[in-house]
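Note that subunit A is present in both complexes that follow, paired respectively with subunit B and with subunit C.
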Partner chain A sequence: MKHLNSLNAAAFAAALLAAPTLWAATAPTALGLAPTTSVAADDDEDEKEDEWHLVAGGDVYTGTGAVLRGASILIKNGLIHEIGYDLFVPEGAGETDVSGYRVYPGLIALGATSRVTTGRFAAEDPTWAIDPLSDPDEWMTSFEDEDLDLPTVDQDGFKSRYIDSYDPFSPYMTLALANGITACEQSGAAFKLRRDGIEGVVMNEDTSTNFNMRGGSARQRTRDGFAGAAKYLRDMATWERRGKPKDDEPSTRGVDTNSLRVLRNELDATFFADDRLTLLAIARLAQDYGFRPIVQGCREGWIVADELGRAGALVVLDPRERSWNDPESLYESGSSIENAAILHRSGCQIAVRTPSASIDTSGIAGRDLLSLSLQAGYAIRGGLDEEVALAAITLVPARVLGIDHRVGSIEVGKDADLLVTRGDILHYETLVDLAFVMGKIAYDKNKELYYAHLQPHQIAADLEADAAAESEDGSEADDADGDTDGDADESGDDD
Partner chain B sequence: MLFPSIVLGATVALAGSIDASTTEAVATPNLFALRVGTAETISHGTIPNAVILIENGRIVMVGEDLPIERGIPTFDFPDAVVMPGMVGSRSRLGLDGRAGTDITPELSAAFELEPGAKVFGDVLELGVTTLGLYPAGGGIPGVGIAVRTKGSTFEEMLLAEPTNLSMYISSNESAKKLIEKGFELVDKYMEDVAKEREKFDKAVEKEKDKKKKEEMVFTPPVPDEKALPMLRLVTGELRAVIGMRKAADYLHLMDVIGEREFDWDVQANLTDDGDFFYIADRLGAAGRRMIVNPSITLHPGTRRERNLPKELHEAGCKLAFVPESDSVGGFRDLRADVATLVRYGLDRQVGLRALTLEGAEVIGMADQLGSIDAGKFANLLLFDGDPLEAGTELLGVMLDGDFVAGDLAD
Partner chain C sequence: MIGHRHDDDPHRPTRTTFDEPPIMKRFTFAAATVSTLFAASALAGTNRPGDAMRALQPTLSSEPLPIQRAANEAVAPAGMVGGPGLALMSAKILTCELDGPGYVNNGVLLVKDGLVEAVGRRSEIEIPGDYEIVDVGDRWLMPGMIDLHAHVGGTFDINDMVYQANPGVRASTAVIPANPQLRRSIAAGVTTVLFIPGSGTNVGGQGVLMKTGPKTYEEAVVRNPGSLKIAQWGNPERWAIGVGKSHHGYIIRGTLARGRSYWRSWKNFESSGGPEPYVDPQWEVFRYLFDGDAQVSVHTQVHQVVMSTIDIIKREMGLDVFIDHGTFDGWKAGGEAYANGVNAIVGPRNVSMPERGLIGWTGDNPERVQGCAAGYWEMGHRMVGFNTDSPVIPQEELPLQAAIAVRHGFPDDGLQTVRGLTIVPATTIGMGDRLGSLEVGKDADVVVITGHPADPRSAVDAVYVNGERMYDASERRLW
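Coming up: the complex of A and B.
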């Protein structure tokens, strides 16, 4: 049977020619060939109106130490524009009145499973378009293809399989947001938990590299790597001082690239270690070569806290770790509830992680990602300062992921990732009422089904009541300055 | 089986209305009138005491209590409800083929068709008069065809080819790449055209003879068969049906197609934990047509029931229904499933329209079928009551003006 398409190919070309208007209409928009396209896009950007939103009247726990009672946060296009009192609010700005509530920076979860941004409660079937009964071979191979999807980074920045499988509507994401997590580490990349789109959700995917210091030979190899990298940097410096003579540039042959990047401060070095001796070795390596290690685990860190502190370590720990001391050892060993507090006193930065990185409605309650703030509470029980415990699930994990310039605290210029709660975020009874991500409400406890029945908040109800009152009395809504305070000329006072 | 309550005219020798109490098969002449208790026209509502004038397999006139010219044979069904034949706009019935996940827009469902397969007769008995068939495979597997559900040869069955181009998107890199590569075929052809144009312009410049210069005509290169359906898409000659499973797939699709503009419908299998309600407002704002199964589903992670088709419709989407399972059994349950949605709040007319006219839109044949309107094929279903009522019987299926299934058929 001859296919009709091929028969009509010549006719199509002729039709193309005969319809110049269609041609002209199609070419620039659909095919992006005409130079006018980019100009048009720029124009669009200029015309795009700024989006303003005010989170008004809450007690703002900035995460940097300061608490501003009854302060407001003005958000412009998803970023924190201003924090303070009596802010000038531009016309048309949205407002969420959270007076009587607390406002915290969004929490950041380290080591989450990939489910958070991709999962569904229902079983995933990537091969839905293929019928397994009629196409058993194809059905099988389609699974293999999925595994071969390797991350790629293009010139525009981060574009990888992580973003290509991101699901802003994943129920796990709702659960994570319900427990205050607005960003998480997943498969080595830092994700923003956005619910309204997929643009810019991967914040960093090249944050750190792992080194192994467990066991004598591994320790020697790692040390040799750093020694070689340090020698190369010394040789480079000498060569540069000599005016970069030709033919004499030091060779990178045999130099460990990862060690080199760490010493050049391009990449963080992560070590997984729990026992005293390995932790000591890491601390000394870091001191010798002058970098700040990220130490994951760190169960016996409290024993060698001074050395880790001197190395300026960022410690990622689980405050609820339980292991007994070794009665035959001459040294102290095992876990301590005071681990986080002691390490912090010695100069380490503390990030808290959960015992289990999974997330589910049917997991072991109190141990998975949904209990992040609770874990920080355990560190307080061990003597850690409350402020530091908050930083341990906000600012310090942001530093660990290299995204602290964007998230981790409430500061002007940072992403407006905010939590609204009725009580202390670290208290076990506190539930997240609202979560803002990039200035937009990504989670509203009253509207999602998971916790709606527990202590419903009054924020949205107030908003709805306001809206109803306004619609009854239309004149109130339309001051000359666009707000509802009755002051018609305040906009003239400002620039 | 006998239906004594039905009054119909069997003898066409007598002119005018016939009041013969027979349940024999009805042989329709070339020109005749059908008088029914109720007509669900789809395009302009419900008409009581409707008269439908049919000539040469097409509807000529529809109206309430139209006067029938002396001499035109009339068939009276005073208790019957008539609606257009159902359009199964996305089906693989009677197709036999397998394909991988690839970019093959040049392939057609016609290659897989087994004309006269028994299954077509089976769904015709259930009131499906038109099927939109689509090719096997993932990625961009090819173009679909529209067929009558009767006929023993390809030519007898074929209504239209191509109807639409199938594509599949899901939230992963490989699926997105396939769609991107499909559109790269368009870009490449456009580059070829630009190059040829440049050559042509140079040739025109070189030509010194004024007369010859005026006679020169630019001929764009003939696109290869792979690129052709993609080009048709961007020029608006062909529409696409894009299959997706969840709301996030839509966002990833928008990420891939970016600024490109073309007509497309969404095909989605609504399952429990389906989450299209998250993007209902975006789909609705675009007036997107959703080809879905008429099923009540559960809110993700809960046992709370949702009427997603209703929500999508209220957001502004158009709806076309396909059975939950693409099989004879699926088509058997189709009307009952729609009835359930109507019971749970979907507008009844929207439900009927989703079975007929919107399906015709999907296969680009809305000017030919899908509603009871002058000029359209006389594809009609005769029921003894409300088509969505569980106890209602399908008395007869008319295809191109002939009763071809049901007790009224030969």
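Coming up: the complex of A and C.
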């Protein structure tokens, strides 16, 4: 199962920290990718020159726990080829000097609206495409016609719909990149935010299917589906043990396909649930049938965290969720700011999503996709470790989407989707200076419309002072970016 | 009771806990009854007199109000009225005075009888022997935060669009003290809110300034009326057939002019006698406003209406007015506002977005992601605060408004953000002598927090209101 892959990858990274020389050699095998350690491996693509790029000298926050100070990342054809010090850099390689800066893996936004990749007039639902003013009759009937063959997430139609409407020139995409998002999920598909083309932007589709556990009858149906699928698998095993007698093969008739695929580790099971009882039912179902559920919402997860932890749930939550506890209930209820921390302590993996899944242009900042990094801060407020909070917007969302073999951390063999910042990405003052997608600069703060005017005050002051000093004594000033990360927290603790 | 007016100093800090509500001193009984009944019925959306009477109970009670609970106990907890003193020791105290460094490192805060008794470095402050000492370690102390644009003080029936100007309507009739949203506010360190009517009409009514922690109206209310809520362009155009900026200006000017006449007739009566003017609950609030005892809070979004706010309400009427709900490109008139003493409380639409390729909202096209607070600062405005417009933005996200401001260019090299959450709104609402900073003699509204309040990662661990520990995260963390 892919989650286990990524766990291995994380374990590898930890091991690699102790033995950096193994770095390039081992990680790709864990990821199931062709090793990219030698130039010779690309013989069949002789006519195409390899593209090399070096992101040099930054403090690399790998997203797996390791921090490599002043390390360099060598990128080959958009993938991370090597991480470390004193790397051999082929001739003709491009270089971006990021010394004094931090390098983070790109952030991954879950449940984004289509505005991010399709721009202003995105058609999220085919009925939206019907203009009520020009086509009032059709617009009215579009609500009544139950036989209308609308493509849904579970059917095939939507795939082409999204790739066809992908707009690499969308300013929303620039804004998303400017706030660190290099990949996002839209309606069950994982998109990479590329501004130089649409090749390979759909990273994954249909890796998950929704099951309903809300309410008694839905719970029973879902449980019956899994029971039938499990019985089928048992019968198959027995049949195979008996030497596969010809006339006795178990029938798939009446077996729920999705449940079967989940039990065969071909598909993830997603549940949208918030209340304690539904979450408990999900946890028990998952433990009974031995799969790891993805739980979206999970507002009251902190109450049944032990059970969810035992089920190894991947939880997608909004730490700012607010609902009051029920004063008439004998049990705990409602939201808790500590939800993420408690669930993580119990063994769940935490992915954080924002209260609004869109990009807000009406001026309300702080609740939309663009504040994903701040949103992780609220999980920290509730007690989550900073490291885990970073994973909650990088590696864990990648696992939820089944793309953790490609993105979500800085590891050899993965896509070179990197963020360059002056300070802690989880600090509210930190803006993204550079965003690399597939090894190419997709966003440069100083060259784009949106945030170029915003420079950290301390750095602006330092630069001015340096310039003044330089003009006075003619000597070259030190790099001003060295230790000023704009972190207001630190500035106050001097006494 | 008629004639009991203005015999006391209006600037005397009102101690509502131990006194009659100030409203009783200023309004005649008849005026209070009529106007509040009217307001209560209108706000509650009901004609049943019982409902209105229930809403009025705090105001109409002529019996001595219940004194603070703790004072009835044998020994009140430290810091509260009647109890021993409380000494809070902290690695950093954000004192937030308007002028000065605004912080003390390794400090002690002495609290006695619900007020700040002393604050300073540990070496400078002598802690009396009978004081209870609470060492919060490396957590910080700061004054309780103040939100001057909140709608969560009670029920939400505070946007009655009956007339285009409803100065007699009072939000105080809808107050539910210590309601769940206010519990969440105090858990975020917000101890005072200006609970105001909505912005569906040009004059929405009277807001009430109240504390978020106390469980009774009498304890919670700081001042009523807290402000007269006026709304400029950005919402009231949806009234009736739809009206625009010039009509808004006409209505606001007309209402204020009539209010001024009403105030003058009473002034003349008080100074030179003659026949007593009639009492009109619709206009009573203007006697506070033109006496300078309450402010006008103006829902002011774009620069045109910031200008007309300055022009009509400040220059023409001479009222104490501030920009509330400052958004979009209102900052363009920031220099003019500051020069005229009009403070800017900004949020929750705290940035202005370029329109190129995006959805245009206001016609303001800054060609960059422009922070509103940063804009005011760049125009030279130095009294910039923050508000949420809760529940549009949850009340507990007031500090986030400061974080967003800094993220978009607002400076924080002199604790501007912390001041914008505390002393700036306190001064703006005329309570700078009682709220908003940890200075001697002020209310002991103290927040114990793990770091800079603007940072979402900083958690509020405890909150004191009037020296009483009203929130303790170790019992259950609410936010």
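Criterion: the second predicted complex is superposed on the first by the 368 of 495 C-alpha atoms of A that agree within 3 Å, B and C clash if a C-alpha of one lies under 4 Å from a C-alpha of the other, contacts with A are read in each partner's own complex, and residues count from 1 in each chain.
The rule we apply is simple: a residue touches a chain if its C-beta (ideal position, glycine included) is under 8 Å from a C-beta of that chain, and two chains touch if they have at least 3 such contacts.
Source: prediction; values computed, not measured.
Within the superposed three-chain model, A:Gly197 lies in touch with subunit B and out of touch with subunit C [touch as defined at top]. In the superposed pair of complexes, A:Tyr166 makes contact with subunit B only, with no contact to subunit C. Of the two partner chains placed around the shared chain by superposition, subunit B is the only one that A:Thr118 touches, whereas subunit C remains out of contact. By the touch criterion defined above, A:Leu449 reaches both subunit B and subunit C.
Across the superposed pair, subunit B and subunit C both touch subunit A at residues 120, 170-171, 361, 449-450.
Remark: subunit A residues 119-120, 170-172, 320, 322, 324, 336-338, 361-367, 371, 374-375, 377-378, 380-382, 386, 426-429, 431, 449-454, 457-458, 488-489, 492-495 touch subunit C in the complex. Across the complex, subunit C meets subunit A through its residues 91-92, 103, 105-106, 180, 184, 327-328, 348-354, 356-359, 361, 367-369, 372, 393-394, 396-397, 400-401, 403-404, 406-409, 411-413, 451-452, 454-459, 477-479.
Only residues 1, 3-6, 8-10, 12-13, 16-17, 19, 22, 26-27, 29-33, 37, 118, 120-122, 126-130, 134-135, 138, 141-142, 145-146, 149, 152, 160-161, 164-171, 197-199, 361, 449-450 of subunit A touch subunit B when the two sit together in their complex. Considering their complex, residues 98-101, 106, 108, 110-111, 136-138, 143, 154, 161-162, 168, 170-174, 176, 186-187, 190-191, 194, 218-225, 228-229, 231-232, 234-236, 243, 245-248, 251-252, 255, 259-262, 269, 271-273, 275, 278-279, 299-302, 304 of subunit B touch subunit A.
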